[in-house]
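Each of the two complexes below includes subunit A, the first together with subunit B, the second together with subunit C.
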Partner chain A sequence: MAHFTCEVVYRGIFQKNLAARICRGIVLSARKAGRWGIAFGRYGDSPQRNGIPAKDFAIVADTQEELEQNMARYEPKEVDVTICVDDTLSKGVESWAWYGLQPINRLTVPNGTVLMTSLQSPADLLKDIHKKEAPYNLALIPAKASFSGLWVYKEDHTEARILGALAKIQPGFLSLDAVCAAIQEAEWGSELKAASARKAFERLESRPVKITEGNAETPFSFEKPKWWEMREGVSIPAIPIGKPMEGGKGYVPERNPYFKKFTTRTMRPVIDFDKCVKCTLCWLQCPDSCFDVTPDGLYDANMESCCGCGVCEAVCPAKDCVTMVREDAFEDNASQWEMWRRDKPAYMTWMGDKIASKQHVVRSHGFRFRGQYEEEIKQSLDQGGTEITAGIPGENAVGKQR
Partner chain B sequence: MAEVFANATQILEPFRGVKKVTIEEYFTSGHRTCQGCESALVMKLMVKAAGPRTIVLGATGCMYVANTTYYTTPWVVPWMHTQLGSSGSAALGTAAGLKALMKKGKMKSEPINVIAFCGDGGGADMGLGAISATLTHKEYNSLILMYDNESYANTDIQLSGSTPYGANTTFSPPGKVRRLIHTRWKKNTAAMLAAGHTECRYVGTVCASYAVEMMNKVRKALSIGGPTFIHSLDPCPKGWDYDPMLSHELGELAVECGVFPLYEVEDGVVRHYGKTKAIVEGRPRKPVREYLLKQGRFAHFTEEDLEYFQAKVDEMWNEWEIPGVIPFKKAPAGK
Partner chain C sequence: MAVETKTPAPGTMATDDREMLISGSEACAEALTLADLDVVTAYPIRPYDTVMQAIAKKIANGQLEAEYIVAEGEHSQFEIVKHASTVGARVFCGSSGVGWMYAMECLTVTPPLRVPMVCMVGNRALDDPGAFGVEHNDALTVRDLGWLLIWVDTAQEMLDTTLLAYRIAEDRRVFLPIAISADGAFLTHSQAIVQVPTRAKVDKFLPPYNRGDLQLHPDNPITVAPQANEDWVIEIRRQNNEAMNRAYTVIEEAYADFRKTFGRGPENPWFEEYMTEDAEVILMGMGTISLPFKVGIRNMRAKGMKVGLIRPRWFRPFPTEKMVAALQGAKAIGVIDRDYSFGSPFGSGVVANEIRAAMYNADKRPPLLSFICGLGGREVTLEDVYKATDLCFEAAKSGKSPLKTQWLGVRE
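Our next item is the complex of A and B:
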C-alpha cells in the first residue's frame, strides 16, 4: 500500500483555474493508472482574492481505503511534491490564515520535490527559497509565471507540462501514458497538450538541494492568541493611530501586525525620489495605505503592506518616477527612502539596475485590451512555443467571438 | 443635564485641494483584499474624510470578509460587522442608540459620525428595504455608503441588480449557444433612493478615482444632518477581470464615458459635478468601448453588443428628464 500527496501553491484568481486543473489532472491520471485520488482546496484561502497565495491539494492512493484515511484531515501536514506555478512565491507564502510566512518547501517531505515553473536558475531561486533541515530536489520547467487561471483564458499548456513532469517525478503513481490519456480526455485536453506533457517529461531538469543551501533568513512569524486570550464578544483590538516620523514630522500609520503582504506581491514599486514632485497621488490612491510620509515630504512605500498592484505607478504624474519591478529582483524589504537618504549615488545605481531590466518591468497578468492574450501567445510562438489551436469553451476569448 | 443634539453634526469643511487632506489613516494596511481593490481605497478615503469620532458598521461582503478575518483588522476607528442585508437597520439603530445614551447622560453629548457600508448585493438588492426605511427617519444622523463593485464579489462574482448588461459573472458565463446571459440593465440605485425619500437630506454618487471630490461628498453627507446615502462605483480587478494597476483608470473611464454619472441631490436639488458636469455642459463623452474593452468580463462582446450598450448610455444623456439621473421622459404633447 502506498500513497502520494501533492500541493499546488498558486496565486488566488490569477491561477485558480490552473491549479484546479492540475489537481484534477492528477486525479484523472491516477484513475487511468488504476489508482484512487482526490483533489481539494484549502478552505481558509477561499473566497479568493487576486494575487493572494493559496493552495490546492491532490492525494493519490493505491486503494480506496487508504485514500479515505488520508482524506480525514484538514490539510496535509507533509507532501511528496510541492508544485509552484509562480516563482515569485519562492520567497514563501502568507496565506489568509494564521501562518506567518511559510517557506515554499515547508511541507515538502525529506527527499521530496519542489517543482516550479521559472526562468531563473536554481542558484537564483535558492537565494529566495528558505533552507530546509532535510535534502530535497528542485525540479524546474522553464517558463514564466502562468496566468492561465484568469477568466479570459490564456492557453499556455502549463497544466499539461506540470502533469508530464510529475509522471517523471512520481513514476510509481502516474505513468506518462496515464497522464497523456487523462489529458486527452479532460475537457481542456488535446493532442497538442499531450505532446506538451511528453516534452516536459523528457526535458525536466532536477537537482538535489543540500541542507546547507538556501535563504538563511528566519521566516516572519508571530504568537497566535489562545482562545482564552480573545476578547469578549469576539471583539478585535483596533489598530492604534500612527505617529509622526523623526523630529515630529511626517507620518507613519500603524499596520496590522499579523497579516503582511511580503508574498502577495509579484511586483513592487521602485521610486526615483529625485523625480518626485510631491503631488501626494501615490499616497492618496494606494488601496493598501502603504506609504509613509517622510519628514522631507516624500512618500516611502512600506514593503510590509504593499501588494504590488501598480496603482501608484499608474497615477504618478512624474515621468519614470515610479516603476513597478518584478519581485524576484529583490532580496529584502528594506526602505528605499532610507537607502536613498543614506547614499544617493549608491541608490541611483541600485535603482538604475532594477528598472533597466526589460524582463523585470513588463507586467504579464490581467486583461488590458482585447486581443492581448492572443498577441502574447503569438509572441511566445515566435520565440519557439507550441501552436495553440484548442480553445476552452467559455474560457477562450477567441472562441467566444462569433 | 446633558445637552441633547437634535441634528447637530460635526463641522467637516471640504478639503480645499489634495495637499489639505488629513494625513492620518483610520483604515490602515493589512487587509486581505485583492491587488488594486478600489473598494479598500473607498474605505480608507471614507474614514479619512470622516475623521476619528466615527463609528463604522459593515455589512457582510468583501469589505467585511477581506478586512477582518482571523482576529485581525485594518480599522483604527470602531467598526462592527452587521448582516448582509442590514446596513440600513444598523445605521438607524446605532444612531438612535447613541442619541438615547446621550439623552440619558450615559455618555458625553457630542456628534459622532455613524457610517454603515454595504456592497451592491447588500445594498441594491437584499438590504434595499432597510435602507429605504432609514432614509425616512429624518431625526437620526447617518450615512449609508454603498460600494458598488457590480457583483456579489466576495462569494466569487455572482450577478447583482447592479451588474452591467452582458457582463460575464459566475451566474452569467457567456457560452457558445448564448453569448449574453445577463441582459438586464443595471439598477439606478442612487436616483431611486433620492426620488423616493423626500426627507433624505443628501444622496450622492462618487468614484474614488476622484479622491478629493469623493471625500468632500462624504464630508457633506456627514455634516448635513439626517439620513444620507452615497453610491460609489468601485472597479474590482477580480470581478471585472483586468490588470489591478488599471483600477484608477477604469474609474475615470466609467465617468468619462458617461456610464456612471457623478451627481448629488441635496435637499431635493440635483447638481452634476466634476467631469460629469462638463459632459452635461457639452463636453463630448468618450465611447463606452474604451471602458468595456479593457475588462475581461466584456471580452465576449461583439460590435453589436457594444453598439447596444452605447445606445443605452446615449439614451441616458439625450432623452432622460435629468441627464444621467432620472429616467423619466415627458409624454409628447396632446397624448
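Our next item is the complex of A and C:
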C-alpha cells in the first residue's frame, strides 16, 4: 500500500486551468497503471482573484480504500512533491483563507521535491525559498511562468512538461509511458505534447538542498483569535489614523496588520523619483494605501503592504516614472525612497538594473498583440520546448485535424 | 432616538395605567409607542398589516415620533431596520406567512450581526393556498437561525411581551433579534380589554438602546459584516450560541423586573401551567390554541378527569430543564401542534419533536402523543380537545405511546 500526494501552487485566474490540468494529468496517468486518484482545489483559495496564490492537489493511491483516507480535506498536511508554476511564489505564499506566510516548501516531506518552472539558477531561487528543517530536492524545468488571460488557455506544453518531470521524480507512481498514454489517449490527444513530456523527462535537473541552504528569514505569522477573543457582531474596528514623519513634513498611514500583503505579489513598482511630478495620483489610487508621503513631497510605496496590482503604474502620468518589475528581482522590502535619498547615482544604477530585468521575462497576463503566442513558443524552444509543426495542438487535437 | 426625553404627546400624560379595548396588533402598537420606537418599516400582508396601520395612526396623531419607511417588499423592509439598528435606532418590523419567508435572507444575516431587531409575526398559513388563517410554520422557520422566539396568546400578553422583547433583545449580553408570534385573526384582529401602563413606568423598566462598541458611528469607525473566510465561521456561530445561552438569565431578570415595575406578569416566563399540579394528562400547545383547551379542561375537571395544560411561551431559547421537570408528574403528554413537519420522526409537528428531544434524557418519560390541529386557522373545537385527551388517558393506562401522529378536525 502506498500513496502519493502532490500540490500545485499557482497564480489565481492566470494559471487555474494549467494547475487543474496538471492535477488531472497526474490522476489519469496513475489510472493507466491501475491506481486510484483524486484531484481537487484548495477550496477557499480563490482562483477567481487576479494573481492571488492558490493551490490544487492530486492524490494517488494503490487502492480505493487508501485513497479514501486522504480525501475530504481542504489541504493535505504534507506532500511528496510541491509544484510551483510561477517562481515569484518561491518567496512564500499567502493564499486566500490563509493568514501569514507559507514557505513554498512548507508541505514538502523530508527528501521530497520542489519542482519549479523558472529561468533562474537554483542559487538565485534559494535566496527566496525559506530554509527547511529537513533536506529536500529542488528540480527545475527551465521556463518562464506560463501566464494566460482569463478565457484563454495557453497551449505552451507546460502541463505536459511537468507531467514528464514528475515521471522522473516519482517513477514508482507515474511511469513515463503512463504519462504519455494519458496525454495522448485520455486528455489532449496530441503526440506533440507527449514528445514534450519525454523531453522534460530527459532534461530534468534536480539537486539536493541542505538544511543550511535557503532564505533565513522567519516567515511572518498570524495567530487567529479564539471565539471569545473575537469582537461580536461580525464587526472589526477601523485601523487607526497614521502618523506624521520627519517633523510633520511627511506622513505614514496605518495599515491593517492582517490584510493580504506582499506575499501575494507577482510584480512591484519601481519608482524613478527624479521623474515624479508630485501629482498624488498613485497615493490616491493605490487600493492598499501603500504610499507614504515623504517630507520632500514624493510618494514612497511601502513594500510590506503592496500587493503588486499595478494600479500606480497605470495612473502615473509621468513617463517611465513608475515601472512594474517582476517580484523575484528583489531581495528585501526596503524603502526605495530612502535608498534614493542616501545615494542617488547608486539608486539609478540599481533601478536601471531592475527595470532591465523586466525585459528579461515579460509577465503577460494574456496576449497583447496578434502572434504573441507563437513568438513566445519559439522563444521557449531553447529552454526545452518542442517545435510546433502542425498548428497549435489544442483540446483533442487529433480529432480536430480532420 | 430612544436616548432623548421627549415632551409627552397628548394622550400619553396619564399618571396611571389605563384600560383600553384594543386588538392584539393595536396592543403591540401601544407598546411600541411606550418604548419610543425610532424606525419602523412597513409592507402590507394580512394579518400583520394591522400593526403597521396602528403605528401609522400613532405617528399621524403625534403620539409617536418615528421614521415610518414603506419598503417595496419584506426583503428590503428587514434590511432597512437591520441597518438602522446598527447605528443605534430602536427598530420594529414584522410580517406574516410568505412575506416573512420572502425576507428570509435578511432574517438569516441578522443574528450573527447581533442586531436586536424586534419583530412581530402575525402567524399565517404558508402559500399555496393563499389563505390568511393561522399556522405557526412561518415563524418556526427561524428556529435554527439564532432568533429568540416567543408565542403570546392574549392582547395583554402582546403588549407586555413587546416591552419585554426590547428589554431582552437590547441587553448587551444578548443582542439578538426576537420574533413575537401572534396568531392571525384570533389575536391580531380581536379586541380585548388591555391594561396600558404609563410612559414613566416603561421608562423605568426599559433603558435606552445602547449599542456601545458595536454602534456604527463616525466616532466609532468599524466595519460590520466584512467578508469572512470559512476559517472564521465556527467561531462566529459559537459566539452566537453564547449570546443565546446568556438569554436564559436575561429573560428571567427581565420578567422579575417587569413584575416589580408593572405589578403583573408571570412568575415563570418560559411557559404557562394551567391545572397541572395533580394532572395525569398534560396537554401542550402554543398561542391561542390554549383558549379552547382551557375551556375543555375545565369541563373535564368537573367530571373528575385529572388533566392540565402547559402553554409554551419561549421556544428559543428552549427551557429544557424546567420543561422536563414540569412534565415529570404526568402519566401521558399530548402535544398539539398548529404546525407540521412533513416527513419528520413519526410525522409529528415541530413542538412534539422538540418535547420528545427534551425528554430523551429525563428520568421519567411518559408516553407522548402528537396531534396536528387547527391548521390554516381552522377552529379548534371542544370535540378536538376531548378526543386528544381521551387518547392521552388511554396511553396513560397502557403506558405506551401510539407513535402515529393524529390529525384532529380534518375532513375524513
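The rule is simple: the second predicted complex is superposed on the first by the 346 of 402 C-alpha atoms of A that agree within 3 Å, B and C clash if a C-alpha of one lies under 4 Å from a C-alpha of the other, contacts with A are read in each partner's own complex, and residues count from 1 in each chain.
Criterion: contacts are C-beta pairs under 8 Å (C-beta built on N, C-alpha and C of every residue); 3 or more make two chains touch, one makes a residue touch a chain.
Predicted model, so just to flag it, every value in this text is computed and none were measured.
J.: Have a look at where A:309 lands relative to subunit B and subunit C in the superposition and call it first, second, both or neither.
T.: first
J.: Of the partners subunit B and subunit C, which touch A:259 in the superposed model: first, second, both, neither?
T.: A:259 contacts subunit B only, not subunit C.
J.: After the superposition on A, what does A:289 contact: first (subunit B), second (subunit C), both or neither?
T.: The answer is first: A:289 touches subunit B but not subunit C.
J.: In the superposed arrangement, does A:222 touch subunit B (first), subunit C (second), both or neither?
T.: neither
J.: As a test of reading the superposition: which chain, subunit B or subunit C, is in touch with more residues of subunit A?
T.: Counting contacted residues of subunit A, the larger count belongs to B.
J.: Touching A:238 in the superposition: subunit B (first), subunit C (second), both, neither?
T.: A:238 sits against subunit B and subunit C alike.
J.: Of the partners subunit B and subunit C, which touch A:230 in the superposed model: first, second, both, neither?
T.: The answer is both, since A:230 touches subunit B and subunit C.
J.: Do any residues of subunit A touch both subunit B and subunit C, and if so, which are they?
T.: 96-97, 225, 230, 236-238
J.: For subunit A, which residues count as touching subunit C in their complex?
T.: 43-44, 96-97, 224-228, 230-238
J.: Would you pull the subunit B residues touching subunit A in the complex into a rising list?
T.: 18-19, 21, 23-38, 40-41, 44-45, 52, 65-66, 68-79, 154-156, 168, 173-176, 179, 208-209, 211, 237-238, 241-249, 293-297, 299-300, 302
J.: Going by the contact rule at the top, pick out the subunit A residues touching subunit B in the complex.
T.: Listed in rising order, the residues are 12-13, 47-52, 96-98, 150-152, 225, 230, 236-242, 251, 253-261, 264, 279-281, 284-290, 293, 302, 304-305, 307-311, 313-315, 324, 363, 365-370, 393-394, 397, 399-402.
J.: In their complex, what parts of subunit C are in touch with subunit A?
T.: 112-115, 175, 213-214, 221-226, 228-232, 234-236, 238-239, 242-243
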